[in-house]
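Multiple structures are listed underneath, in structure tokens.
Next come two complexes, and both contain chain A; in the first it sits with chain B, in the second with chain C.
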Partner chain A sequence: MTSFLLAMTFFVVVMVAVGLFCVLRGASNADRMMAVQLFGTGGIAALLLAGVANGTEGVVEVVLTLSVLAAFAAVAFVKADESGAKDDDRPEQGP
Partner chain B sequence: MRIAADIFTIVAILTGAFFFLAGTVGLLRFPDTLTRLHALTKADNLGLGLVVLGLLPQSSSVFGGLKMILVWLLVLLASATVSQLIARAARRGGPHP
Partner chain C sequence: MSIALHLALIALLLALAFWTVVARETFAAVAGFVSYGLLLTLAWVALSAVDVALTEAAIGAGLTGALLIGATSRLRKTEAAARAERPGRATRVLAAIVATAVAAAIAACVLLLPDPGPSLAPEVAQNLASTGVGNPITAVLMSFRAMDTMLEAIVLLFGLIGIWSLASDRYWGGRPGLAPVVEPNGILAYLARVLPPIGLVVGIYILWVGADYPGGKFQGGTVLAAMWLLLLMSGLHDAPAVSQRWVRLALVAGPAVFILVGVLGVFVAGAFLGYPEGLAKPLIIVIEVALLPSLAVTLTLLLMGPPQRSESSP
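Showing the complex of A and B:
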């Protein structure tokens, strides 16, 4: 069972690595942010799998912190992106 | 009983990993930013949810299992709001669809 969990951890980490490739190639900033979001969630899944495989109990706290940080990273990105286009918050006026 | 728990774990985690694969491939293959966002959040919530579901019978204490479910709920909440924010940023940043 443990080897299966570790194999799955490896698989998820590979998926995240492939997803992060999109950060290099990403068309717009939003795509890069999505790759980082996938990295956050993939990291959480991999950490959980590895933690349970090794039987360590403290990993769930680490994962809780990582999930909050991933959310903050995305909010920080949107805030940084938003400051550039301040007048865009009004609904669309037309072309 | 032990075998049933192991089989359930293997099946759930395999499906979760499959959704991660589908999400990542979707993130790379889809043409438009918003469709990629759709693929990504699917991988996030379903992939992670199934992995947590699969890990529940393996966790040593009930409290540990509850904490894992808490992690999943937090990620669900976070990724829901983050997807809205990213979609808004994508809509404003990129060419208006």
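Showing the complex of A and C:
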């Protein structure tokens, strides 16, 4: 069972990594953000699998923290994009 | 199978680190860095260092990512100019040599460590019972090396003062961030209504469980800060003016309690931050509980940046 779980962890990590590299190489910023989100989801899955396989105590706490904070980067990205666009509209203020 | 997983993690870490360093676009580098933080969390768990993994998940992958994304959007205007300005070949070669030398020196230090490395772990394990807590990391942070933790909490305050001092004169003491725009039916407002109750429970749970399992106030405070930031970003709640008395009180309350307990130790236990016999655990919990809201407010305001609006503006 343990080796099966570890094999699954390996599979998840490699699959997510493949996706990450495809997207990181050439794409828009929104695509890159999505890749990071995918990596977050895959990372959580891999953490749970590896934690159960190795019997590591406290992995659930890490997973809880990650999953609560996972959406946070995407929200920051959208808001930063909005405020950046607002700044562009504003006429340049000379010193 | 375990070896294959470790090798894959190492290869990925190196590849992502390389990508983050060589990416020319700022956002591409930030995307690489956030993924690197996530992967590092996985690596720490693979090394059974769950406490470190938890901190990495909270600070490295969570808050730092949001902070860097915000920085990217502020740098966008100057990015084209920065990219056009390519340093000369000599500068680049010199930079590469210096960076390689630093990396080689660090690698040499790690490789030349005696085996087994010098360790205080047996002493910690021996004296763990005297602190009353079950998690050795918490015992080290809150009892054996409490001084470092106290200074860490205070240094965050200094960081915040540094950020505030970047405000222009007319907004000094005002509200940080842009004026909120509320979309009551937007997906962001929905998320900001659904997630914070869950986040609050998780944050307080992470604090409480820290006595015996991986967790603690810094990680819990980060989760709480993220929830408040979510509310602020959704526009459901406006950032407080940084000159308000309750903000200032919330910021200093935690470190003040820490220092008070420390001074108490001088009289009761004969040393600064010494805990009297049998009272170690209650005092540690008092400090942790007092620090949690202070850290959450500090981290939130650190991410919100310097005041950009006057106090009364909508």
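Note that in this section the second predicted complex is superposed on the first by the 81 of 95 C-alpha atoms of A that agree within 3 Å, B and C clash if a C-alpha of one lies under 4 Å from a C-alpha of the other, contacts with A are read in each partner's own complex, and residues count from 1 in each chain.
Convention: a residue touches a chain if its C-beta (ideal position, glycine included) is under 8 Å from a C-beta of that chain, and two chains touch if they have at least 3 such contacts.
In this text, all values refer to a predicted model and were calculated from it rather than measured experimentally.
In the three-chain model built by superposing on chain A, chain B and chain C fit together without any clash. Of the two partner chains placed around the shared chain by superposition, chain B is the only one that A:M15 touches, whereas chain C remains out of contact.
Judged by the touch definition given at the top, the superposed model places A:N29 against both chain B and chain C. Applying the stated contact rule after C-alpha superposition, one finds that A:M1 touches chain B and leaves chain C untouched.
By the touch criterion defined above, A:V75 reaches both chain B and chain C. When the shared chain is aligned, chain B and chain C each come close enough to touch A:E57. Of the two partner chains placed by the overlay, only chain C lies in contact with A:T65; chain B stays clear of it. Once chain A of one complex is fitted onto chain A of the other, the partner contacts of A:F39 are limited to chain C, with no touch recorded for chain B. Superposition on chain A leaves chain B and chain C with their closest Cα atoms 6 Å from each other.
In the superposition on chain A, chain A positions 21, 29, 33, 35, 57, 61, 64, 68, 71, 75, 77-78, 81, 88 are in contact with chain B in one complex as well as with chain C in the other.
Residues 1-2, 4-5, 8-9, 12, 15, 19, 27-28, 31-32, 34-35, 38-39, 41-42, 45-46, 48, 50-51, 53-54, 57-58, 61-63, 65-66, 69-70, 72-74, 76-77, 178, 188, 191, 195, 198-199, 202-203, 205-206, 209, 213-215, 219, 222-223, 226-227, 229-230, 233-234 of chain C are the ones touching chain A in the complex. By the touch criterion stated above, chain A contacts chain B in their complex at residues 1, 4-5, 8, 11-12, 15-16, 18-19, 21-22, 25, 27-31, 33-35, 37-38, 41-42, 44-45, 48-49, 52, 55, 57, 60-61, 63-64, 67-68, 70-71, 74-75, 77-78, 81-82, 85, 88, 92. Listing the residues of chain A that touch chain C in their complex gives 3, 6-7, 9-10, 13-14, 17, 20-21, 24, 29, 32-33, 35-36, 39-40, 43, 46-47, 50-51, 54, 56-59, 61-62, 64-66, 68-69, 71-73, 75-81, 83-84, 86-88.
The touching residues of chain B, when paired with chain A in their complex, are 6, 9-10, 13-14, 16-17, 20-21, 23-24, 27-28, 33, 36-37, 40, 43-44, 47-48, 51-52, 55, 58-61, 64, 67-68, 70-71, 74-75, 78-79, 81-82, 85-90, 92-94, 96.
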